[in-house]
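After this come two complexes, each holding chain A, first together with chain B and then together with chain C.
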Partner chain A sequence: MDRLLSRKRTILLFILPTFILLTVIIVIPIFFSLHYSTLKWDGFSKEVFVGFENYKNLFVNNTDGFIQAVINSLVLALISVGIQIPFSLVLALTLARGIRGERFFRTVYFIPVIISTVVIGQLWMKIYNNDYGMLNTVLKAIGLGSLTDAWLADTKTALASVFVAMVWQYVGYYMLLLYAGAKSISPDIYEAARIDGAGEATMAFHITIPLMKPILAVCIVFAVTGSFKAFDLIYVMTNGGPLHSTEVPTTLMYTTIFTRYQYGYGSAMAIFIIIECLVFTLVINKLFSKNAVE
Partner chain B sequence: MKFRRVVAGALCASVLLTMASACSTPQSSSNSKGNTQTTSASSEKVTLTFWNNYTNDSQHVMANIIKQWNTDNPNIQIDANSTENTAYKTKIKTAIAGNSAPDIIYSWAGGFTKTFVDAGKILPVDEYLNDGTKGKLLNGALTNITFNGKVYGLTYNQQAGALYVNNDLFKQNGVKIPTTFDELLTAVKTFKAKGITPMCVGEKDEWPGMWYYDMIALRSAGASACLDALNKKASYDQAPFTDAAQKLEDLVKAGAFSKDVLSVTRDDAVAQFTQGKIPMYFGGNFDAQLIDESLKGKVSAVKFPMISGGKGVSTEYLGGSADALLVSANTKYKDQAVKAIKYLAEKFSSAMYLTGGGLPEWKNDSLDQSKVDPLSKQIMDNIVNGSTGSVPAWDLYLTGDDAQTHHDLVQKLFGTTITPADYSKQMQQKINKS
Partner chain C sequence: MVIHMEADLKREPSVGKKKIKVSSVVMYLLLGIFAVIQIYPLIWLFLFSFKDNNEIFSGNAMGLPLVWRASNYSDVLTNGNVAVYLLNSVIVTGITIVLSTILITTSAYAIARMHWKLSHAFLNFILLGMMVPLHATLLPLFIVLKNLGLLNSYLSLILPYTAFALPMGIFIMVGFFRDVPKEMEESACLDGCGIYRMFYSIVLPLVRPAIATVAIFTFLSSWNELMFANTFVSNDNLKTLTVGIMSLSGQQGTHWGPIGAGLVIATVPTLIIYFLFSDQLQKSVIAGAIKG
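Entry: the complex of A and B
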């Protein structure tokens, strides 16, 4: 087997199917988008080449709120990294310690990840409903009736309301990744630490978390790029509204292309999202590899 | 090392290929337009493809009519393919742009069709209509499918906006059904004072709220002024349009709609009305069937209230032709396809009227009027028949980008984040002058 795998031709043969698939499905469309992004085109009529005009319109004298959308997605990324992952980490470390009902909780936390996003969206829309929503009902029941709100209809609360649902949905996903990471650390190390008199907290901060750095890096990359690409839950819950207050680059791109018929301008947004994701991935990996040397 | 070079080579090749193919697409699409000669021979058996969005209950009726055609015309078979509404929009746009459109196309009359017409993808059918077809159509049936003086298809269903009123709620609370805008505001305030939300609208979906504005604008400015502005012949930045915006804002500020109006979908809004909780709902005839099913006999469809000092007259309505059948300019079987859409459009028109799915575009005196959906018949009798003019919902008239801009601006009126004066100014700036 080793000899077989060392033959270059065999390696090529094995990676070729995936390589072709990725090229056709991902690489080629990206180049198409790159080409479209230099056009003024409605999808039907003759294309007009406009160079970098579309990219300029994204940021200079922007009228459709793209900058606000980018800021919204950055806020989401910040919340994901600052709240979602630490929360998942706490859950993962607690479960990995081998508490009672470990498997049960692991399954329960993971359930939102496997439920269809549309279902999750509907669920949260019902929770936030102004008339019969659970949130308002609970607030009224505990005497905080003055705090009730039409959560998804109010431009001041809609964005936060959607973000809560998004963060909630994927907590289980990161928890499972981190849980697997924590479980793969050899028990010998803990044993040695315990003999040296280390407590639970000391072991978590000085053994578990440092050894989980690679998987933490993966989680952070997923969380950040996931925030930039986030679309489905927002589309279901608010569709970017009310009054564009929950718009993120992807929802804006969708309306730009499919209801405004601005293929060129929408493609420029798509390319921006790709570049944004690439840059952040590189930066995060760089940061973590630097730390790993210490 | 050699291996690495192979991979690098492959990568470069793929990049070059991609760029080459990407660059070549535009030319190929513009070339193929010219070489579409018809080779029609009526004796041989042909199959026409027909794409549509008939995925709801109305599809049943359509499917039967198509089946009937296929039985009667063994030499011209129709191969129909239905796609869900929203997906259909994307699908048909892509297909037409890529010159792979079906022979017969379902489309929305007005702006949606205009895009295809402007790109030269749709067959003008004028020369086929002088065989008495025009005489079978109702007045105005071809207005929204005529571009630059040519007819580009046949319509079979029209829309009309109607104010649905829940008679029970009006009676119980001693409120008069409004015929003027002032009476409407009084009704709103009376219901509001009794703890009843007076009206509903699915403003999350944007277009239902636009129906309210467009209707008020029709009463305020009149049909011809609305059409002039929509045709870019007149400005939106005029007193009647600003007044209409002001009137809508008055409604919002009087508490006509619930607090969460911006997150209510159209389906939710109709559901609220059909549960009998809401006394008034301005919607389309397409809501009639559902409303009639749930609140049988309790609801009337009446004209939208008049505005004192407004230029509109009570015989004008929001709506007009909506659904149309087109023939692709690239079809190989022009004669057969036009023959088919004549048959289908006429049959669809009657069938949808009977089931309450739509209002007819073709003369329907031969139909058993007692079998027609009662609310649809009310709309036809109270609002459409004897009308002196109609304006389509503006998003059917304006094309993609402009329609979305109009949606957004009206939503701002609902959210009271724009003044009526700014609304008119921005409509003019963004849509007519852009």
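Entry: the complex of A and C
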């Protein structure tokens, strides 16, 4: 057995294809991106090395709205952590109590998560449609016709409208993760607390939520990095418009590279997004592990 | 983390009965309203996919279609090229799942069971791959694929999809292998079975649930992927569903019915898989998040 499991040829055959694929598709491109981000290059003419110039241009005397795009993604992260996750937590705790129909609700809430973002995006464009969309139709039907709007075409409402669709799609995702976290807590703990006369709310705040810290940390990291990396829904619904009002770093990166052919500058955006995600992941995990000690 | 998905936690509150009833009615009402919010847009989509513009614009945007126009569906499938997009998605996703399953199971087995010095380092290398977002590789991959003449090919999507499916898949699978006892393999070994034979007929069947978990995850991410698909494939005959239905809504402009039909067609395979493997799928999402 040990002889079989130590045979070099078999081991190589088992890992080499994976190693090559990961190296070629994931590792090497990162270094290319880093390299591109120091160039002024349109993909056709000769590249010029400009050092950190592209990174400086992201923030100093910026004219293409990158700063606003970063702010938008921060707002999305804030909404996601401040509204979406607490709401998902309430749903998760309610379902995790073992109510009747728990499986049904869990299954239904999760449906939007698995559907393609292109479908969700197209669907919400129809929901927001000025003349025949579901939202305006409902508003008219309940006598709030004055509130109707061309939601995605109006610079004042476009960003919020896109965010609503994003929050709507992923509530079920965080609900499921938090639900699993709540379910993994041993029922014995509740039994003991009940004997001590603790009520449902007390148990939720003093037992369930503190014990769910690891999964809450995971959810917050996902919500924040997911907001920084968000692309699909915005690309489908508004592509950053109208007038850049819904621009986020990824949509701007995409336009910069594939419409304006600023390969170097666009790569600097990509690298910025990765670093931003790494930093926030580390900080959030640090905050949570510190809290756990206290 | 242990997950008792269906664990029966019976916690009957011991307060007065009447009060319980009111609060649980309110609770079910709120849960029900939220279920409607999550589901109704999809039902609305299903309904308008059978309508034509006359019907929608003359006041029936919300209700049941007066006539169920299946022609919307046959229309987009043939004229709108949706049948081709569907086939492309099936091919790309199918090959990605097969390829990634082979690579994931073999690599995970080598890491979890076989004896070699760098196995731990290799696992860490793979974990690093999990941190990398697609965005960081988009432009370099585009340039490489362009230079190799591979833009507008199935391969331009299959290779990146497979690569990005590996890190998490291997991580989940390694955890699974470590929980499987070695006895079966040892007795097979005593019977004089070769390693490849043993891997195929003893090991793989043992980890079938893990393979399903990983495959479902890979299905969802490749079937729904947009950024690579939108960048690497522009030939209409090779587009996958996500990109295809975007161009469909470009062609169809304001024709709600056919666009809706296209969206429904893109969604049905996912929903079928969801309802067939609902619990398995939810577990795979949880496993992905917790391990990842």
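General observations
Note that the second predicted complex is superposed on the first by the 270 of 294 C-alpha atoms of A that agree within 3 Å, B and C clash if a C-alpha of one lies under 4 Å from a C-alpha of the other, contacts with A are read in each partner's own complex, and residues count from 1 in each chain.
We take it that a residue touches a chain if its C-beta (ideal position, glycine included) is under 8 Å from a C-beta of that chain, and two chains touch if they have at least 3 such contacts.
Small disclaimer: the values here were computed from a predicted structure and weren't measured.
Partners chain B and chain C, brought together by superposition on chain A, clash. When the shared chain is aligned, chain C comes close enough to touch A:Thr10, but chain B does not.
In the superposed pair of complexes, A:Leu178 makes contact with neither chain B nor chain C. In the superposed model, A:Thr238 lies in contact with chain B only, and not with chain C. When both complexes are overlaid on chain A, the residue A:Gly98 reaches chain C alone and has no touch with chain B. Contacts of A:Phe32 after superposition on the shared chain: both chain B and chain C are touched. In the superposition on chain A, A:Gly43 makes contact with both chain B and chain C.
In the superposed model, A:Phe258 makes contact with both chain B and chain C. When the shared chain is aligned, chain C comes close enough to touch A:Pro112, but chain B does not.
Ranking chain B and chain C by residues of chain A touched puts C first. Residue overlap on chain A between its contacts with chain B in one complex and with chain C in the other: 8, 11, 19, 27-28, 32, 43, 131, 258. Residue ranges on chain B touching chain A, taken from their complex, read 2-3, 6-7, 10, 14-15, 18-19, 21-23, 26, 30, 89-90, 93-94, 96-97, 115-116, 118-119, 121, 203-204, 206, 258-264, 399-401, 403-404, 408, 411-412, 415, 417. Remark: chain C residues 1-11, 13, 24, 27-28, 31, 34-35, 37-39, 41-42, 44-45, 48, 56-57, 61-62, 103-104, 106-107, 109-111, 113-116, 122, 125-126, 129, 131-133, 135-141, 143-144, 159-160, 162-164, 166-167, 170, 185-186, 189, 194-196, 198, 220, 223-224, 226-227, 230-231, 241-243, 245-246, 249, 256, 259-260, 263, 266-267, 270-271, 274, 278, 281-282, 285-286, 289-290 touch chain A in the complex. Across the interface of their complex, chain C is touched by residues 1-2, 4-8, 10-11, 13-15, 17-19, 21-22, 24-30, 32-33, 36, 43, 91, 94, 96-99, 101, 103, 105-119, 122-124, 126-127, 131-134, 137, 168, 171-173, 176-177, 180-181, 183-184, 187, 190, 194, 200, 214-215, 218, 222, 229, 231-232, 235-236, 250, 253-254, 257-258, 263, 266-267, 270-271, 273-274, 277-278 of chain A.
Listing the residues of chain A that touch chain B in their complex gives 8, 11-12, 19, 23, 27-28, 31-32, 34-35, 42-47, 125, 128-131, 150-155, 158, 238-239, 241-244, 255, 258-262.
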